[in-house]
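Both complexes below contain subunit A, partnered by subunit B and then by subunit C.
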Partner chain A sequence: MDSFQIFTTSTSLVDSVDKKLLVVLRDGRKLIGILRSFDQFANLVLQDTIERIYVADTYGDIPRGIFIIRGENVVLLGEIDEEKEDESPLRQVPVEDVLQIQREEMEAKVKREKTKHRMLSDQGFSVDVAEFGELY
Partner chain B sequence: MLPLSLLNTSQTHPILVELKNGETFNGHLVNCDNWMNLTLREVIQTSSDGDRFWRLTECYIRGNTIKYLRVPDEIIDMVKEDAAKQRVAGGRNSNRGGAGHNGGDQRGGHHSHQGGERGGRGGGRGGRGDYNKTGRGGYNNSGGDRGGRGGGMRGGRGGRGGANQA
Partner chain C sequence: MGTLDSIRSNPEAVLFYSFFKTLVGQPVTVELKNDLAITGVLVSVDQFLNIKLDNIKVVDEERYPHMLAVKNCFIRGSVVRYVQLPAPSVDTALLQDAARRERQQPATGARK
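So, the complex of A and B:
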């Protein structure tokens, strides 16, 4: 039978260097780029980065170049499997379309949140406001 | 190369800074420090909704307000040059304290700051020597401590080192 012993060793980003990663930021942005370096705060350097905006079953890419991301703004990151990328059920569309839909979704969301906030405050609840458009 | 080193290399180049509140600052990086505090020149500040713009001749941004920075693609090539230059400079400096450093003036009593003087290669080991005051001379005069070669604290080829009270 297999041994169920789990070895714990320290985690490092060194194995992710020079790999294509997806990085999610606290404001909800998804950046895809090649990790070139990092430090003890998990500040990251990404090269050939694109910002990918997802809407429904489509997405649009905006090329962005080199990013230096301050570590505290990162929610998660993960390696992208290039083969699985090709099998993705999502369609790539021109980025202008996606931006348009994203704007509309944003406006609708802000409106919903405002109504929710007002109704809860009226009932005497104290509602947390998300500062600076941060989702996480 | 570390993220902050990359940032240092991009001094004098145009960069874009986005703050946590969504405002963006486009300008030339003048200076930066270990906390990611920045000074920029000839800056265009844009509000988070992209509607309002300000022009600032210079500005200071506190590091902890930054979400991310974007730098020009050329910086990566400059970084590789910088790294190569530093390796060459390091090679030339490696013989700094190697030959004939007499620690003789540290006879007895208080051994303060032995670390720095021991020269290039010994640097690391010298540092530890500050705290391991199993000194030469001073309070511990055991015979066994004598003998330059045993001096793990001395580092490099550092001469006769320490206080050998022959």
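So, the complex of A and C:
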């Protein structure tokens, strides 16, 4: 390891172009679409995008059309193996149902966090407040 | 591009990139800032330490059902928390030496 090659190569996404990909975003969203374009910042252009919301063993899809995603929001890109997708144990349900359950789960979580926050504050602890909408 | 500038201002910029290049083909586990951990074979790495993995297996699969149909992935370097490596693949003495040399003699400029 005693020569540092100055020429650098990108981990290229060119092999993933025109493929169906799963994109996980920093706010937790999962988008599935066909990658059409990218750049050095991992900015992406996705076509025929659907936003898939997972709840328990079900999922619901929302069609989203064409997305341009700013690279800083991208966590990972995964190539979807169509065969494995067919074997999926998850059931697709109407998206309204999934959104309803998701809303309920969110409300329950916010309630729990508030109670926890209050109890800790009463004890004299200061609590970090997670930035809204961004999980990581 | 600003690659040479980034090396001048940050001499360690290529050190870990070069280090990861020696690990291509090895199984590694990448832990992300969102707590997701993925094991896979290291396919490639780039100057931003973006990582491509093949034949991935998600640690604690049940929590991440969306990853079930995914066999290869590209991970943006900025979201990586840890990269767990097989110990026999890492020569820590060499790495330490390389780091020391980088500090004394940045990759551009002083080299002949």
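Basically, the second predicted complex is superposed on the first by the 126 of 136 C-alpha atoms of A that agree within 3 Å, B and C clash if a C-alpha of one lies under 4 Å from a C-alpha of the other, contacts with A are read in each partner's own complex, and residues count from 1 in each chain.
As a working rule, contacts are C-beta pairs under 8 Å (C-beta built on N, C-alpha and C of every residue); 3 or more make two chains touch, one makes a residue touch a chain.
Everything numeric here is computed off the predicted structure, so don't read it as measured data.
**Q** Sticking to the clash and touch definitions up top, decide whether subunit B and subunit C on subunit A clash or fit.
**A** Fit - subunit B and subunit C, as placed by superposing on subunit A, sit side by side.
**Q** State whether A:13 touches subunit B only (first), subunit C only (second), both chains, or neither.
**A** The answer is second: A:13 touches subunit C but not subunit B.
**Q** Which partner does A:57 reach: the first (subunit B), the second (subunit C), both, or neither?
**A** A:57 sits against subunit C, while subunit B stays out of touch.
**Q** For the three-chain arrangement built by superposition, which of subunit B and subunit C touches the greater number of subunit A residues?
**A** Comparing touch counts on subunit A for subunit B and subunit C gives C.
**Q** Give one of first, second, both or neither to describe whether A:67 is in contact with subunit B, with subunit C, with both, or with none.
**A** Touch partner of A:67: subunit B, not subunit C.
**Q** Quick one: is A:94 in contact with subunit B, with subunit C, with both, or with neither? Answer first, second, both or neither.
**A** In the superposition, A:94 touches no partner, neither subunit B nor subunit C.
**Q** Classify the contacts of A:85 with the two partner chains as first (subunit B alone), second (subunit C alone), both, or neither.
**A** second
**Q** In the superposed arrangement, does A:45 touch subunit B (first), subunit C (second), both or neither?
**A** first
**Q** Can you give the closest approach of subunit B to subunit C, taken over C-alpha atoms and in whole Å, for the superposition?
**A** Superposed model gives a least subunit B-subunit C C-alpha distance of 14 Å.
**Q** Would you mind listing the overlap between the subunit B footprint and the subunit C footprint on subunit A?
**A** Shared contact residues on subunit A: 26.
**Q** Which residues of subunit A touch subunit B in their complex?
**A** Residue list for subunit A touching subunit B: 25-27, 36-39, 43-45, 47, 64-70, 73, 131-134.
**Q** Hey, which residues of subunit A end up touching subunit C in the complex?
**A** Within the complex, subunit A contacts subunit C at residues 1-2, 4-6, 8-13, 16, 22, 24, 26, 28, 30, 40, 42, 52, 54, 57, 59, 71-72, 74-82, 84-85, 88-90, 135-136.
**Q** Spell out the residues on subunit B that touch subunit A in their complex, using ranges where they run on.
**A** Per the stated touch rule, the residues are 1-4, 6-7, 20-22, 36, 48, 63, 66-73, 75-76.
**Q** Under the touch definition given earlier, write down the residues of subunit C that touch subunit A in their complex.
**A** 1, 3-4, 7, 14-15, 17-19, 22, 32-36, 43-47, 50-52, 56, 65-76, 78-79, 94-95, 98, 107-108
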